[in-house]
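When the chains are written out, they are named A, B, C and D in that same order, and each has its own residue count from 1.
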Amino acid sequence: MPAELLPEKCGVFGIFGVKNAAELTYLGLYALQHRGQESAGIVSNFNGKLHIRKGMGQVNDVFSKDVLAELPGHFAIGHNRYSTTGANSVTNIQPFLFHYKGRSIAVGHNGNLTNTLSLRKKLEDAGAIFQSTTDTELILHLVAHSKKNDPVEKIIDALKQCEGAYSLTFVTNEGIVAARDPKGFRPMALGKLAGAYVVASETCAFDIIGAQYLREVEPGEVLVIDEKGLRSHYPFERQEHAFCIFEFIYFARPDSMIYGENVDKVRRRLGRQLAIERPVNADIVIAVPDSSNTAALGFSEQSGIQLEIGFIRNHYVGRTFIHPEQAIRDLDVRIKFNPVKGVLKEKRVAIVDDSIVRGTTSKKLVGMVREAGAKEVHFRVSAPPIISPCFYGIDMPTREELIASSRTVEDIRKYLGVDSLGYLSIEGMLSMPSLPKGNFCVACFAGKYPTKIEHHNGKDILEKKDRRPAEIWP
Amino acid sequence: MPAELLPEKCGVFGIFGVKNAAELTYLGLYALQHRGQESAGIVSNFNGKLHIRKGMGQVNDVFSKDVLAELPGHFAIGHNRYSTTGANSVTNIQPFLFHYKGRSIAVGHNGNLTNTLSLRKKLEDAGAIFQSTTDTELILHLVAHSKKNDPVEKIIDALKQCEGAYSLTFVTNEGIVAARDPKGFRPMALGKLAGAYVVASETCAFDIIGAQYLREVEPGEVLVIDEKGLRSHYPFERQEHAFCIFEFIYFARPDSMIYGENVDKVRRRLGRQLAIERPVNADIVIAVPDSSNTAALGFSEQSGIQLEIGFIRNHYVGRTFIHPEQAIRDLDVRIKFNPVKGVLKEKRVAIVDDSIVRGTTSKKLVGMVREAGAKEVHFRVSAPPIISPCFYGIDMPTREELIASSRTVEDIRKYLGVDSLGYLSIEGMLSMPSLPKGNFCVACFAGKYPTKIEHHNGKDILEKKDRRPAEIWP
Amino acid sequence: MPAELLPEKCGVFGIFGVKNAAELTYLGLYALQHRGQESAGIVSNFNGKLHIRKGMGQVNDVFSKDVLAELPGHFAIGHNRYSTTGANSVTNIQPFLFHYKGRSIAVGHNGNLTNTLSLRKKLEDAGAIFQSTTDTELILHLVAHSKKNDPVEKIIDALKQCEGAYSLTFVTNEGIVAARDPKGFRPMALGKLAGAYVVASETCAFDIIGAQYLREVEPGEVLVIDEKGLRSHYPFERQEHAFCIFEFIYFARPDSMIYGENVDKVRRRLGRQLAIERPVNADIVIAVPDSSNTAALGFSEQSGIQLEIGFIRNHYVGRTFIHPEQAIRDLDVRIKFNPVKGVLKEKRVAIVDDSIVRGTTSKKLVGMVREAGAKEVHFRVSAPPIISPCFYGIDMPTREELIASSRTVEDIRKYLGVDSLGYLSIEGMLSMPSLPKGNFCVACFAGKYPTKIEHHNGKDILEKKDRRPAEIWP
Amino acid sequence: MPAELLPEKCGVFGIFGVKNAAELTYLGLYALQHRGQESAGIVSNFNGKLHIRKGMGQVNDVFSKDVLAELPGHFAIGHNRYSTTGANSVTNIQPFLFHYKGRSIAVGHNGNLTNTLSLRKKLEDAGAIFQSTTDTELILHLVAHSKKNDPVEKIIDALKQCEGAYSLTFVTNEGIVAARDPKGFRPMALGKLAGAYVVASETCAFDIIGAQYLREVEPGEVLVIDEKGLRSHYPFERQEHAFCIFEFIYFARPDSMIYGENVDKVRRRLGRQLAIERPVNADIVIAVPDSSNTAALGFSEQSGIQLEIGFIRNHYVGRTFIHPEQAIRDLDVRIKFNPVKGVLKEKRVAIVDDSIVRGTTSKKLVGMVREAGAKEVHFRVSAPPIISPCFYGIDMPTREELIASSRTVEDIRKYLGVDSLGYLSIEGMLSMPSLPKGNFCVACFAGKYPTKIEHHNGKDILEKKDRRPAEIWP
């Protein structure tokens, strides 16, 4: 449920070998806008020197024709950021650009490191000081502290010390480097545009610029693109993969390829499997647009129940909103979604959604469907119950706030006020991609984490993640 | 096809009898945002005096909490405007507020008068001077020039001189007045919220504030809402109705009721009828989101061909855009729509759209579907060919620019590059609403206009409408 | 005292015969910025059609290079407006552009009509309706209502019906027209730039574009500038002049010429005369920068008392300001002026200011000078006591709010907390310009008005002027 | 000449012990706005945690009531920055806030270190990486790298490694620290407001909040203000002072105290001394407002030549400006200054200015005075010729660009086109403050620097300072 999830889902992009790399990076970030709307930034390399422009807001807010003109050069990286705090976190806007020993390096990060506490301590003991609250800054410190000489060697040296999730694009004085953690938590793909190479979180960023998908940047791969061409390093020991299954469920755009698979196909199959596991006696199936459209389509196909458009989504949502004197029930949800009464009236309605996080939005949607005259309301979720927070780049609520962490399905059914509630099983979910099921991280559904989580073991893991605004420092 | 139509579709709203009328008007305008994004305005009445705030941009750009606080009072009207020119038409922002003989009146207009030339001449001869290029200003002049004493009588007197399309909300020193032309070209509905009355272009504006739909404001009705309650006048001779069928085809939100019917239902039946009239041998049916989603659903239902999500729409579209040095084919369409390759590949695809205007966007979409690997591409349009411009409030291209005005269906098929092309018939279209078919205006499809069009008869009707920017005056 | 006076002082500009008239108009308005900072607008004529751009804010806020590029043509007029209300009066921004009988006309106005009530009634009886609260709109109505055929004749016909103060620039389909009321309340000058003619409220607008001052636009002159050249009409009966003496005292820039005289020279002589009439035993003379700099210089010259810089003015003043939790005395004045302690300490200080309106700011300045250690504080005003409001274009407080309307000089002295207080006499003031003293309006000092003031006679004149915000209508 | 000097003059402020420290910091920065308009920032301490808000623009652009509300706490520091580049240097906005070993520290800097190259190398060798191009960041690195335990000890340890000019305010988790380099290049004063202590670059920041001046923060003093009160450390060996004399000549506001002296008094004596050293046969003396007003006053007093207001300065100058098609001579200077013709005509005019840097603006001003009809134009400069760039916080042009570096006074006279030209002597200048003359830095006038300038010795010192935009990195 997009209204409840607070994912720290970011988008990364990099391109090498075109006339004006920043312009294509801008278009790539624009296609990746759904992965982060808080801030955007681009670093280009012109004659070996790095140029940076970044700011708060969406890609179109930050970059005008004039600003792009200040980013010359034939290679560049870009970053969209989703923030977990309301604070105006100017200091956390990516890419970060650092200078050390006569050299420069910039990085954009999608993911979350899990050994930040020990990394930070180690760096602090070595005298490092930090300007942001991000783990991304740590990575650049590790690069600079490396004893290696070659910039790529330094990056590899740094990444060897990092645990957790990262899909990174670097730009150095000589080229760009794309790196993905050995477990491959977050996606990253490689494409080609005439003589140029492109990397991006999702392939929809290739489509907008007319680039061809080549392959995934592989888990554990460090990909160097410079004047000498494309070179791959595999510096890490091979590990079990832990692809984020949530990318398939909700994050990625359905027109993208992720982990080598069409998001649309997997997402539809989740809906189909849901219909098999949790059948429903209903007259119509409706989605919560746009995120569960594809899953609902699959559910409808499998069940043979007619798919209908039950909610109209208002895409003009602004940031600030009034609270009128005349109280209006559920206004926060109502300004986004309006039920189509003619469709719902006197119908047994199956709502297919991609997740239930806190449950508050779902409850309001159910109320709107009932108010529109539905005879019965059934809720089907194309994912298993979320019982545990994510530490790999999705900023979920704390365990306490996750409705499924402490309530049974029947309790949740009562809370939502629906006639039936059904979740997809973990097994069912994992059987959907064509990849072996061992490849995926299901920590948020199963509570078992594929890596050690520092200082979050034992009781800690139940507690609220430290969500201090970026501008308030200890 | 939203990217080609340039509708002068506006949204009007009025409310009487709530604590802070401007706040609910703001929400109503927000729900009507799809009817006009160029400018927005609200006029409220506090103790008999009118307060106005208006500006360029969407509702959320123009109105903040602070601005709404400057609009006190328990009744108000609001207006969203869609502009036909790129010019920064500050002078044309509605509502218009005029002052005459110690009284004030403001109006918001959806529609287009067809006797503006003679009205303007008559008023100019009487010494009237104009600040805007709009027909809406003429209406207020007629009100002020009326010899009647009562403000409502004056409004009626003025409207009797107007021909063409109008759904109007006025606010006077005493109350609000809603009026709809005797042919009823443009929609307007009446609702109730506790003790208050509401009027709006579409019922989705009622839903957001929790108001109940009562009935249509009838064609030819002049509805007065003030301290004394609700009173209806029917000052015009009864005329044939001429409801705009295009509201069902494309304009109105599917969750709205229009002319007493659910838009969703009629729109779906258009899709069903299209499938009957123009069947197709295809593997999948896809919509051009979001506007043809409902028609495509109907087509799929009727034909039994699987509905798929073939295009992903990017809702982050900004106003300004770059043209990168590296030419990218069809970038203007590509930034809005991306095909879902996995869905389209090696499929026989039927695209259902709601209209073809110039044909240029349709051609690009077809190209994208082919590029995604479709084996065959069939195009189905849930409306008849548009052969003639609209003079009742939809700003279409000139006749020359309308691809169907001079080309056969076969010619258009070749132009689009599709394997087959099928339009809905006028008869089929008119059989869809439950209203008798004589009730609708089909001028744009049939070329016959239900009213006289001044200075547009004969050869003139083929020529480009005068689209001078509002700020350039003869 | 600039902080207290709320003058409706506007700036007007017009130019005919240069390549890009709007650019020079922009520069002219920039030089006239001191006459109004609330809004700015330009109307240019390109091939007989009028182009308008206007907006809230200073000249630099409203006009960018891009906006100026939308104002082509070789003649144009411009206007700066000072508003008397805090309201965001979009509808009152000048120039006004009106359309009538196939023709267009725009006007910018400096001044205030005094027969607006009867004009408005007459126009309303003839069916006119108004969109703004300004008298300027009335003028254009009168032009359009005129039975004359020629546009210039129409303007003359309209102006014959107007009483009060006006310096106007019109732009028509053929040229520009500059007009000044027969009493000449507000200034307007004519200049030349190569083959082009320029009119402006003050000659500082000529200096910035390198134009030469030719002469005053004479009281009662209607000056037509078009392709045929320059032509003057004198359609009004000759009347006693009533030049606003306040322009010399405070409004105009000292580097301008007004009524054919150097403002600087007259203003200095006011200071000299003040020193003669109201001598002081003081160690130093200080001004309240920047408005009384010149008068203080004259006072110092005449008295032989050393001129010192006693206050530093902060020119960065923003619009919004905080009110800190920790109360700071006189913060409103303190953010604008800071006393130079080293200069004031243990000195007998004579403050020369150009006016005392409400007296509140003066009192605070005196307090700051005392706090800085002055032994004695003497206050000298280079104008007589203001006892009556202005109805000719300066929006002063009501009579009640004018401290001198009901208090003796001794009372005011006590209120200000000064050791002595001296005003210039009316006679002394009038002897300063080289023009015969009968030429000036001294209504605000003497209470006698050179024209009839409608509905403001008798007791009315004491009451608060109707200062309703432009957006609140009766 | 303000139009030519590009000083990196910044303003620093700190306060401890008031209810809402950020609000008073805001007011202090507002009073110090003349020391830097490019960016502004505040860091407050609430319950031991640091809160930061900073942005591009003037104080009023960056801080609204809402933003100040996000800066709670009873102590805070603030910074105004003047930038030497046009680049949108988001990364260089001060204060800088860094985090190290569980602690936080922020700093604002006025001045310029002269051993940055060796410091940077030392830090880089220790693994430090940098995000900005400023020497200020180096200071925080040195603090973090210090082996000392106590934060104040760490600061002292860091400063001991720094050479050059610094007036710094730090905020730590416990309090604020103000530090001034042992030579005292840049000013800093200490004040008191009820129970609170304040430090600021100039005392005008005390006046606006009603604080009392106590004394200078002494050269070499490290002043700690926290819950335990006020404590001074003097960790450096005593050195010759090197107060920047340019603060007296041009930078500081005349109402401030600097180095314990009234700026106004010293600046006036400079004008007096100039009149003694370089007498002139002239009818009038004029200043270039506002910066040379005080010096011109002194010149007039001493010489007995009448002071006149010869230029009017337009304070509305915007950032962007057009270049009209019709070329206007000296438009860049004309938009700022307009000569008062009546004052200058047929007069022998002595212009007193505070400096000549490149000479281009002075030449244009001279031209305007001649054009206004002056019979003779004499130029007097209340400072000696600038022959060498400053490395202590004033970003002057390179030596080549300094007109006096390679031309004789006679050459400059000819270039300016004046009848006579006279500079103040170094000796004359140094005799003006009451401090012993050995206390001042006169490097820019004498070419001898009180500290070693790294990598600027020999020929280097003549070369252009590295002025790369902050966002372009090697």
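Rule of thumb we're sticking to: a contact is a pair of C-beta atoms (placed from the backbone, for glycine too) under 8 Å apart; a residue touches a chain by one contact, two chains touch by 3 or more.
Since the structure is predicted, the reported quantities are computational estimates derived from the model, not experimental observations.
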> Which chains contact both subunit B and subunit C?
Replying inline: none
>> Suppose chain centres are the mean of their C-alpha atoms. Which chain sits farthest from subunit B?
In response: D
> Per the centroid of Cα atoms for each chain, what is the distance between subunit A and subunit C, given in Å?
Replying inline: 59
> How many angstrom lie between the CA centroids of subunit C and subunit D, rounded to a whole number?
Replying inline: 37
> What whole-number Å value describes the gap between the mean CA coordinates of subunit A and subunit D?
Replying inline: 47
> Among the residues of subunit D, which ones contact at least 2 other chains?
Replying inline: none
> Any idea which subunit A residues touch subunit D in the complex?
Replying inline: 48-55, 70, 87-88, 90-91, 96-104, 124-131, 133, 140-141, 143-145, 173, 471-474
> How about subunit C: which of its residues touch subunit D in the complex?
Replying inline: 18-20, 23-24, 26-27, 30-31, 33-34, 37, 58-61, 64-65, 68, 193, 204, 207-210, 253-255, 257, 262, 264-265, 293-294, 297, 301, 306-309, 311-312, 314-316, 318-320, 322, 324-326, 328-329, 331, 334-335, 338-343
